[in-house]
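This is the structure, below, for whatever I ask next.
Order as written gives the chain letters A, B, C, D, E and F; numbering starts at 1 within each chain.
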Amino acid sequence: METNYLELTIGAVLVYNFVLSRFLGICPFLGVSKRLDTALGMGGAVVFVMTIASCATALIYRYVTTSVKIFGYAADLGFLQITLFILVIAALVQIVEVILQKFSPPLYKALGIYLPLITTNCAVMGAATINAGIDRGVWPATLFGMFSGVGFALALLIFSGLRERLELSQIPRPFQGMAIALITAGILSMAFLGFSGIC
Amino acid sequence: MMKTLWNDFFKGIWRENPTLVLLLGMCPTLALTSKAVNGLGMGAATTAVLVGSNLVISLLKNLIPNKVRIPIYIVVIATFVTIVDLCMQAYAPESLYNALGIFIPLIVVNCIVLGRAEAFAAKNTVIRSAFDGLGMGAGFTLSLTVFGCIREFLSTGGIFGVTLVPGWNFMLPALAPGGFILLGALLAGMNYLNERKAVKAGRLYVPPQGMDCRHCRICSIDEK
Amino acid sequence: MNTILIAALVCGVIALVSGLVIGVASKLFAVPSDPRVDLVIGLLPGANCGGCGKAGCADFAKSVVAGENPPNKCPVSSAEQISAIAHALGIEAGSSFKQVAVVLCGGDLNQARQHTLYNGVYDCVSAAMVAGGPKSCSYGCFGMGSCARSCPFGAIEIINNLAVVHPEVCVGCGTCVATCPRHLIKLVPAEAKVHIFCSSPLKGPEKKKVCSVPCLGCRKCVKAGAEGQFTVEGVKVSVNYDTGENGLPGEDVVAAAGCPTGCLMTVAKHLETEYAELAEAKKETENGRK
Amino acid sequence: MAANKPIPPKPLSFPGGIHPAKDGKSLTEKKAVVAAPLFDRYVVQISQNVGAPPKLVVKVGDAVKKGDLLAEASGFVSVPLHAPTSGVISAVGDAPGPMGTLVPAVYLDADGRDEWTANRMAPLDWRTAEPAELKNRVRDAGIVGMGGAAFPTHVKLSPPPDKKIDTVILNGAECEPYLTADHRLMLEQPEKVLVGAAVMARALGVENIFIGVEKNKPDAIDKLNELAGKYGVKVVGLKVQYPQGSEKQLIYALTGRCVPEGGLPMDAGCVVQNVATAAAVCDAVESGVPLIERITTVTGTPLAAPGNFLVRIGTPVIRLVELAGGVTEEPRKLILGGPMMGFAQRSFEVPVAKNSSGVLLLAASEIVQYDSAGCMRCGMCLRGCPMHLSPGPLSMLIENEKFDLAAQNHVMDCLECGACAYACPAHRPLVQHMRRAKAEIRKRAKK
Amino acid sequence: MSENCNNVKLPSGDELILSSSPHIHDNQSVRKIMLKVIVALLPAAAAGVFFFGLPAAGVILLTLASCVAAEAIWFFLAKRPLSPLGDCSAALTGLILALNLPPATPWWVCVLGGFLAIWVGKQVFGGLGHNPFNPALVARVALLIALPAALTTWTPTGIEAADSEFELSTYATPLGKAAMLKTTATPHGSAHGDIYAELATDDAYWNYFIGNRGGSLGETSCLALLIGGIALMLMKLIKWQIPLVFIATVGVFSGAVHFFAPAMTPPALFHLMTGGLLLGAFFMATDMVTSPMTTWGCVIFAFGCGVITCVIRIWGSYPEGVSFSILFMNALVPLIDRMCQLRPFGYVRKKA
Amino acid sequence: MNLKNTSNPLLLGLILCVVGVAAAGILAWFDGVTAKPKAEAKIRKLEQSLGRVLPENAQVGRSVTVDGVAFYAATVDGAPAGYAASGSTTKGYGGRIEALVGISPDGAVLTVAGGRAAVLVTEQKETPGLGTNVCNRTAVKTLATVFNGSETSGMPANRVLDSFGGISVSDVPLTIVKDGGRIEFVTGATVSSRAMTDLVDNVLTVYRDNRLRIEEATK
């Protein structure tokens, strides 16, 4: 279990960036990066959801799937992990959405449209699975989820800036659209490789 | 009937290929194709889940209330994913299982699977849904394997672990940046061919601008 | 067996709670939505391209339902898709009266004199602001394709420095009409096949100096056509697109009129001649290379 | 309000701007103004002012005298038009205009007698005349801004009551390369310029009068200084830097005030007038002469004898070229105005208008072609832009027709001064882009 | 209307050129700028050839040629005129790439690098001016991760090689040595602070300054780079803020780390004089296409480059971080540009 | 029956609950079904890798962990045949490297089938194409080997790892050739080579210092 929080956070944001080196959450990364403002909204939403989802799934992992005891019978429910994680994440997202809608319409307006997109996003589930895979405690897991989200948001922000610039370039016809976006993402991920080893 | 089924199957392979045309499920596409075997394995696993979930959901489609259909789809899909996971733990070669890693659980959130459940299985018959799942899965597998072959060949000079060009060693295509760049180049190539075809046919061709969500509107449909 | 029971229990409880919460929440916070929006979303191509000026297809669908935007604002939808939407919403968009655009100028590279050497942005609007652009005819098409670029459907092609609308692709959205700095583009009924490809109001001899296919104002067509098929404004003759009782002029009128310059033409013929000229030019350059 | 603040120490310059290496002024700056002879035909464009075009009051066949009304003002922002000589109206119709399109014009065949009209306006004593009287005179004389914009001068002299004007600035900067008309005017008729300034100050009820002159005209500064005291005018030498003559930059250089974004000089408490305008005002007031002739620089290396000429409004440019000795080398560009802001012409038939301060011919070797290559983001245009815009990125936006974003990035503040395009190593047609965007945005705003 | 004026015919309207104002231009062009930068790089290239011998000249020529060839082939494939080749930017990219490669780079790596730079780094984005990343660096980093062995095989300079004690097979650059010490230095090591002594002697510094050290072809000679860089600054072709802030940030940052933890990293001067800092700061971070346009933007950009360079050098697994830092900050340029937008003259903040 | 449009929360919850219960049931049952193969696979995995660094036919017995090194005792026909030791180092270029080292009872690195030294890296993060050349034993499969069926089943060769063959406790401390020792290294990947040397060195040192304890514990 990691105890070095600095390493945990820097690692999550830069070195093992979810999008650019772990290949998680590519779909929203490519899909919601056309404009800077939408990228900002999506980034915020992902940080938010990843934090609470990592916390919730870590709790489930710790207190249900690995060590549930009912009527004195213990069972290893490892096989339920996937089902429970995704169920909890989906429900959580829906609940957050309705609550936001009710109690903070401005925030809902800013983040609302991105929330459902996050359910079908590898990043959230990925963070939960990684946490479970190395048996992280609830607190580090939450932190990991949050900073992985920050890493995602950072990559998304940078990428959307680049794409706004690309939009003004005379991209050769076959490369227009997704193709150039992917190539740019590749070079961006190359730049992030430089951080390897700093933790 | 046969024709419909054939159509359901075949559209996933080329016309609506989930990776190359719809640009869905990008994470496994990029993460698991540094080797052709991994692509094939991931494709097979996803296909199994797709067929299974499509079957079950089209069976249950009338019993599923609209309000909770997404959680139910998810549970069904998650069940199949877990089954695949358990099978792989038990029977698959260890190296493959390790290579696929967390991407097996992540099939759950693959937009292709959920998207087919929502867009096809929930509206069509069991048989058609099965064929649809099979076709989409085959398309996914095919593109992953082909892309895997390309990356593997360019980086190690071999395919499926068999060296064809001894001494070739060029790591870039196998690493994250190379994956992105190669996929981009591949798309550009497809765009070029499609555009040429379209021009010949006198049509207008717009290169895909982003992922194509017309087959999975999970994200937008729940917009209250 | 224990495991199965416990698993079922745990999963059941969590699922029950989720279901309850979702159910209760959706009840409590229900926001009424217009089912037609979903309908339109379903009919749109879902490219989420933003080409319509909205944040995405869903946003656009809302504005269509609200009547803020006509369905044909979506640049990706085909004509059928658009009419399907219009049909679904009961809007009479393009179903009864289809219009297409036509560029009323026939002076291409080979026929109209370029007046000066132009050096600047290759764009009609910009060129028009530099001493009226390079074309000798102050009313002719620059052929720099501002309209073609603005057309969301790619219906306009620039052939031999002249804009030509492909009527089968054009959906009549009118974007190009607003773009052309020379106001050469007109929306006409789709049935109109015959046009006078000249927009200059100048006198015949003056036009003759700068262009070999001007409308000289000889009125042969007016005589050949039925009553009300053409309108005359000063020297300028044009097809009357407000279909009167005699309808629009057809090919027979073209044949009967025997237009001395050939600016009275069908669209098909126009395209045909332009393509032929293009092929000619290509052949020449190839020969030149050999 | 900026207007009430005391005038801070003068910067005598402004941030940004460029120094054209070859300013071409030496071709004509030593050439005294020569009055052009009477030609046999004048083509007077009807609309020579910003605002509503004047209404024609003559018809074909009418005989007119010099100074007779050809068209009368049709609104507040409109000025009358006068006959440049005596003769017969031979036609009313289209003539090549300065923007390349055909514009309505009056063709006046001179009778060679050049007789003044009978109802010529009476001289006024400006020291005693009412401000309103002076303003009316300025309007009746058909005076518009002769520095380039052709904005009716009397409008500028009638600020709305909520704007406090405390300074009149005469623009003698003449920062445009090649042009020396204002320079010669200030040198040869300083008295007229100063009187004009005083007249306008009186019309506005203002004490503070500046004349800003770039320091590359030391003789003109000296000349003005000799007489300036008499009229309470302060002559200020300014740093030689293009576009020093642009009113916003000039106001900043002279007073340290900034005209707020989208504002007018009066928002900074100033009224800026060209020196030629002032001279025309002087003529109108002191001798009742309407604006029918002006000093124009006819220059360019292809010309045999470039010089400054006193020409009547409506003279076709071809006559001026002949007057300047004809060409010794084939000119490839004809420009009305200076090389930085002037308009390329498609024909030598265009007539001189009230705001034509120069006629410039360029030979092939002097022309640098524009290129559609991409912006290199080198930032040279940023350094040159007197309005602190980012012309490079703006032009990219405009090229991609993102006019909304261009508007957000302040393209409407562009002066079209050309400093950016001058500096751009990629030879991008930046000003043309700006112009298109401004037109497009105005069009959209109207909708 | 061709009236005769004296002896020369006036052009009939057809031959008059129409264009927008302004009608005169500064005597500046892309080609001239690129050629000037190429000339400014010649001292560094010459130093490289002097210290590393003829193979280095081969690398320079080959890389340069392959960049130009790659651009020509691209234009040919895209059926576009070859005229943009004349702007010399491909040649400059090639030269800079060559100066970034080890002196003994195999020929095929040079060729591959040229194509990567021009195709992946530049032309797919639309060519000169459109590329968000520095093409030479894209190629250099791609090669580094693709062929780490080829790109980390250093050769000693001719002078060093003549030194008989020298081990040729295991040659490492000064930064490489520092990095190795980094991994071997145990936290509780006794030789606290002295471990870098050998790398930071006066003698060593002199060698670093003139360029008698291992490293990429053109990065070794501080002297040659300073000559070229300062010339560019004086000609105002590069914004002086970038090199200055970049170098100062590295100096201050590494100096501070060395001050507080001498075992962590060598002194600041070592950092300034070794590796590709000067080459990067003067010639690569300043590429106008890929750096911010405004003054403050440049300052932020250069500061970011400096910090990331130090972070990678001190904590990262790569011995050198200049390439990565510039590439990373290139990605941030659109955001920086947005942050540092200029206010128009007379701008008034709209009241909210 | 069509429940599509129900919005009764209780019913919704119930339906979801039923689905959940069913899913959980199926999964639990399936988990039971695959329990045995899974366990076998796990054992197979360990044995496979352990087996590769031990003599043929060796049986893996009890294990003990001393100073971070795990020793698995092995016997051949009941007689002690040495240990498979799982050690690690953090001096790799990418950080931690883990490897299995087969050692004989008297503390020498074993030589296994095909004359390979019994050193097998199980986890590493070295630079692909550089450090991995030091760590990985990758068989070069070519078309020829595939068609001839002559794929070697044993361990592929690796110059650095194989140079550990026969090295024994008496050779400690180990150094690479470059530093004057006996262990091979890969130019350009000295760091990784040193790290491997350090790893084996550590394993042997621990064995030398705790031999009796280990023998005792794994009896």
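The rule is short, and it goes like this: contacts are C-beta pairs under 8 Å (C-beta built on N, C-alpha and C of every residue); 3 or more make two chains touch, one makes a residue touch a chain.
Worth saying up front: this structure is predicted, and the values here are computed from it rather than measured.
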### Task
Return the chains common to the contact lists of chain D and chain E.
A, C
#### Entry: chain B and chain E: spacing of chain centres that average the CA atoms, whole Å
41
### Message
Suppose each chain is reduced to the average of its Cα coordinates; what separation in Å results between chain C and chain E?
### Response
48
### Message
On a C-alpha centroid basis, what's the spacing between chain C and chain F, in Å?
### Response
68
### Task
Measure off the straight-line distance from the CA centroid of chain A to the CA centroid of chain E, and report it in whole Å.
35
### Junction residues of chain A - those touching two or more other chains
31, 34, 79-80, 83, 87, 90-91, 94, 98, 101, 113, 169-170, 175, 180, 183, 187, 190, 193, 196-197
### Query
By residue number and range, which residues of chain F touch two or more other chains?
7, 11-12, 15-16, 19-20, 23-24, 27-28, 30-31, 93-94, 128-129
### Message
Residues touching two or more other chains, restricted to chain C: which are they?
### Response
3, 6-7, 9-11, 14-15, 18-19, 22-23, 26, 29, 31, 48, 115-116, 119-121, 126, 129-131, 133
### Message
Can you give me every chain pair that touches, using the contact definition above?
### Response
A-B, A-C, A-D, A-E, A-F, B-C, B-E, B-F, C-D, C-E, C-F, D-E, E-F
### Summary
Interface with chain B, chain A side, in the complex: residues 20-27, 30-31, 34, 79-83, 85-87, 90-91, 94, 97-98, 101, 112-113, 116-117, 119-122, 124-126, 129-130, 133, 173-183, 185-187, 189-190, 193
## Note on the structure
Residue set of chain C touching chain E in the complex reads 113-121, 126, 129-131, 133-134
### Message
Could you list, by residue number, the parts of chain F that touch chain C in their complex?
### Response
7-21, 23-25, 27-29, 31-32
#### Entry: Touching residues (chain side chain F, partner chain B) in the complex
1-7, 11-12, 15-16, 19-20, 23, 26-27, 30-31, 34, 37-38, 40-41, 44-45, 48, 128-129, 140-143, 146
### For the chain D and chain E complex, residues of the former touching the latter
14-16, 18, 20-22, 100, 177, 248-249, 252, 258-261, 263, 304, 318, 321-322, 325-335, 337, 339-349, 360, 362, 366-370, 373-380, 382, 386-390, 392-393, 409-410, 413, 416, 418-419, 421-427, 429, 431-432, 435
